[in-house]
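In what follows, subunit A forms one complex with subunit B and a second complex with subunit C.
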Partner chain A sequence: MNIYKFELRNLKKSIMIWGLAVPFALVGYMLFYPMMSGDTAAFETLMANFPEEFLAAFGMNPKLPIFSLFGYFSLTFGMIQIPIAIQASNYGFHILSVEERELTADFLLSKPISRRKIFISKIMAAVTSLTIVNILVWVSSIAVIMIVKGEEVVDLTNVNILLSTTALLQLTFFGIGMVISVSIKKVSSVLTFSMALGFGLYIVASLGSILSSGIFKIISPFSHFNPGFILINGKYEWSLAIVSVIAIVVTIPLSYFLYNKRNIASL
Partner chain B sequence: MNIIKRELKANLKSLLFWIIPLGAVMYAASVEFNAFAGDSAIADAMKQFEFMFKALGSSVADMTKPEGFISIVSLYIYLPLAIYSGLLGSGIVSKEEKDKTAEYLFTLPVKRYEVIRAKLIVAVVYSMVINLAIVGTVYLTYLRFEVSDGYFRFMSNMSLGVFLTQLIFLGIGMLISSVLKQYKKSGSITIGLLMGTFMLSILIGMVDGKLDFLKFVVPFQYFPSADMLAGTFNFGYVIITLVVTLISVVGTFYFYKNRDLHI
Partner chain C sequence: MNVIEFNKLTKYYGDVKGCKDVDFNVKQGEIFGFIGPNGAGKSTTIRSMLSLIYPTSGSVTIFGKDAIEFGSEVRKEIGYLPSEVFYYDKMKVIDLLEYSASFYDRDCTDRIKELAEIMELNLNRRIQDLSYGNKKKVGIVQGLLHSPKLLVLDEPTSGLDPLMQQKFFKLIAEENKKGATVLFSSHILSEVQQLCDRVAIIKDGEIVSVEDVKALQHDNYKKFTVRGTGLNNGRFNIDGVTQLVERDDKVKFFYKGDINKIIEIVSKLVLTDLVVEEPTLEEIFMHYYE
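So, the complex of A and B:
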């Protein structure tokens, strides 16, 4: 419990920054929605005349035009997934490696507690932090949709289903980050790693949607939880989402196993 | 000279760590591009509706041609390279304090500005190396498709455009690291800046035309691939880039000289 509390206190500032910045960006994006609903006629002709795959390359979907509320929200949420993923991988890379980086491993590991307990406390602290941000994103999404919808009648079922994917996305990146951090010798700079992982996989996902390519889509968690698909169909794209679920189920126990065996560098 | 050699060696691993996966992704994209390269149906459809794309402010590039396709995916060259340079800039300055080697380095008989000068040279050289490696990879992998005469010009323009974008973030990263009292924060702030401007850049593209006045704060909008394709550089943005970079570099030298090192 002490470790849990200590880690949470350490993460407090980071939770505050991410918890403010991400909803702020989300709300900021959505407030521009009223500016969008202009040139709809040209768009509709465009939608009617192009094959779906072609439009997909430009991030458009005939069932979810960009000037519709959910169409705009799906683009916004696609962007918001990047910082969410980066935060999660940040914690993943950070949480098990921080003692070694800051040379406090001797202190922690000479305490009369098992590594198992350390591992569980640390994970719980990180998951708690991620959940706080998740809730803030959820609340601000619903709130901002209510604000910008105007006269429109909206059904929030699909939005809620989409927002429920955040936890899975976070855990996937968190797990991947953790496994990498315990398999390599030293995590010299957390940010470099988490940026490379977050943005790298985002680039893979974007190329995947431009090219409608299967392999890119399987590799990148961002395309497992494609906002467009979920907002249209109201369900997860399980054939892809399953990859993320497997990643979570594999990486977290594997990190536990590796952390238990790890030769932790001491002073 | 010794410091330059030492820095070159210290940052080599991370350079390769960026170049190899990024090059691989770019190559993989070109393999996938194969599927619709030269597909005349798509090209015709695009031509027919060119006016509409123009009206919507979207890219009018023909994505069945290598040049057009590269210009559509070019953001994924600009972005990672800018991230690399930003992180390199902030990391190379703050790493002595992070790794607790500042004490060692600054007891050597070298002036602080000589240290920073060496680090700056290495950062610029590595930014150039990654730029040439990635743009070069893209250039070579797309040569197997039918490229037009302007292809080489386009790619060399883009290389320059990307490099200027890198310089901005490199300079800002170094400046932040030397100004901030806490070395730990410099990386986060550089990244915050990168992400903020990147997301703003996407927003500007989405609500086309209405937010153009914000473009000057977003380096990703300075040298868009459409301009690179046409072979034009917006003179104003080139000036902004050079001024920002110059101020950052001068500022780095100035602030680092008086820095209270965290030991």
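So, the complex of A and C:
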């Protein structure tokens, strides 16, 4: 419990920054929606000029036009998934490697506590932090939709299904980051690693949409939780989402195994 | 009873040898020195005791239990001071020490204050503002605050000024008197000489000798310096003489054996000066490293 509290306290600032910035960006984007919906015709002509592949790259779908509320939200949420993923990878890369990077491993690991307990405490602290941000994103999404919908009658079921994917997206990136961090000798810069993983896989997902390529879609967790698909169909695209679930189920125990076996480097 | 037993402990980092067939015991209540130059394998040996690294082969037993299998249990009674001290920079000293104390079942508050006072450590400063020597003090308090039965000190005195070193030695001696066993690694022999009962010498990852410090110094070697004229004729080259340096006007050597044999040789000479000294450990052990 002491490690959990300690880790959580260390993450406090980070939780505050991500917990404010991500919902702020989401709400900010969504507040432009009323302006857009007011000028539907102009947008329709504008969009018609773009090739479908180009629109797909940005997560737009002809069935869910950008000037519809959900269309606009799917676009916004697709964008918001990037910082969510970066935060999760950030914690993944950071949480088990911080001691070795900052050379405090000899302090923590020489205490009468097993690596299993350290691992569990650290994971719990990171998951708690991610969940806080998840909840804030969820609440602000619903709130801002209610604000910008105006007279429109909306059914939030599909929105809630979409928002429920956040946890899986977070855990997938968290798990990938963690397993990489314990597989390599040293994570020199957590931010660089997590940005590379977040943006890299987003580009892979975009390529997957442009080329309609199965392999890219399988590789990138962003395609597993495509906002457009979920808002149209009201369900997960399980054939892809299952890949994320497998990734979580594999990476977290594997990280434990590798962390437990790891020789801790010293100066 | 042995507190620590190394059983052919071997650690390779890939192809690089950390230590090989380390095999010695540390008895209860002993202050045991662990001597070797930088990179000889002292930290590797010590860090395997704490399961920070896992041996390639062999094992370490502490308090009769395997140090890896029963790691967390064994570490309850170990106080460890790493050779390089690094702590969470943004924390205050007191917060770090309290965090450290939170891993042990007992209340350490009083002991923290007591130790900080002895080591003249300001508890309210941030770790990042501390000098290296002060960080070392944090390390010392952190290693002692739970009154462990076994102290593992990896080059504890680097960074401490001589005054602090003496205070620290006193502290270790007191802990030892209260029953703590101490494993003390160092590359400075004089400090080991001052404190330790026995010492293991490690070179290139292998133990070359385990010696009784006091016996070694008192019973064995004497350091002779003879001054005069016409000395340079090999007459001191007898059994028991080592590290013989002969010049016409000065002869230096170490001797282990019947002292009368040297007196006999010396009595036939016309000398200007004769000095017989206790050699320092440096001088005794130097030959291991040549």
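Rule of thumb we're sticking to: the second predicted complex is superposed on the first by the 243 of 267 C-alpha atoms of A that agree within 3 Å, B and C clash if a C-alpha of one lies under 4 Å from a C-alpha of the other, contacts with A are read in each partner's own complex, and residues count from 1 in each chain.
Keep this in mind: a contact is a pair of C-beta atoms (placed from the backbone, for glycine too) under 8 Å apart; a residue touches a chain by one contact, two chains touch by 3 or more.
Keep in mind that what you see is a predicted model, and the values were worked out from it rather than measured.
In the superposition on chain A, contact of A:L20 is made with neither subunit B nor subunit C. Contacts of A:M79 after superposition: subunit B is touched, whereas subunit C is not reached. Of the two partner chains placed around the shared chain by superposition, neither subunit B nor subunit C is touched by A:V250. In the superposed pair of complexes, A:D106 makes contact with subunit C only, with no contact to subunit B.
Contacts of A:S213 after superposition on the shared chain: subunit B is touched, whereas subunit C is not. Contacts of A:N2 after superposition on the shared chain: subunit C is touched, whereas subunit B is not.
Across the complex, subunit C is touched by residues 2, 6, 10, 102-107, 109-114, 117, 261, 263-264, 266-267 of subunit A. Residues 13, 43, 47, 50-54, 71-76, 78, 80, 82-84, 86-89, 99-100, 102-104, 142 of subunit C are the ones touching subunit A in the complex.
Looking at the complex, you find that subunit A touches subunit B at residues 21, 25, 28-29, 32, 35-36, 39, 42-43, 45-46, 49-51, 54, 57-58, 66, 72, 75, 79, 82-83, 86, 189, 191-192, 195-196, 199-200, 203-204, 206-207, 210-211, 213, 215-216.
Contacts from subunit B toward subunit A in the complex involve residues 14, 17-18, 21-22, 25, 28-29, 32-33, 35, 42, 45, 48-49, 52, 55-56, 58, 63, 72-73, 76, 79-80, 83, 87, 91, 98, 187-188, 191-192, 195, 199, 202-203, 206-207, 210-211.
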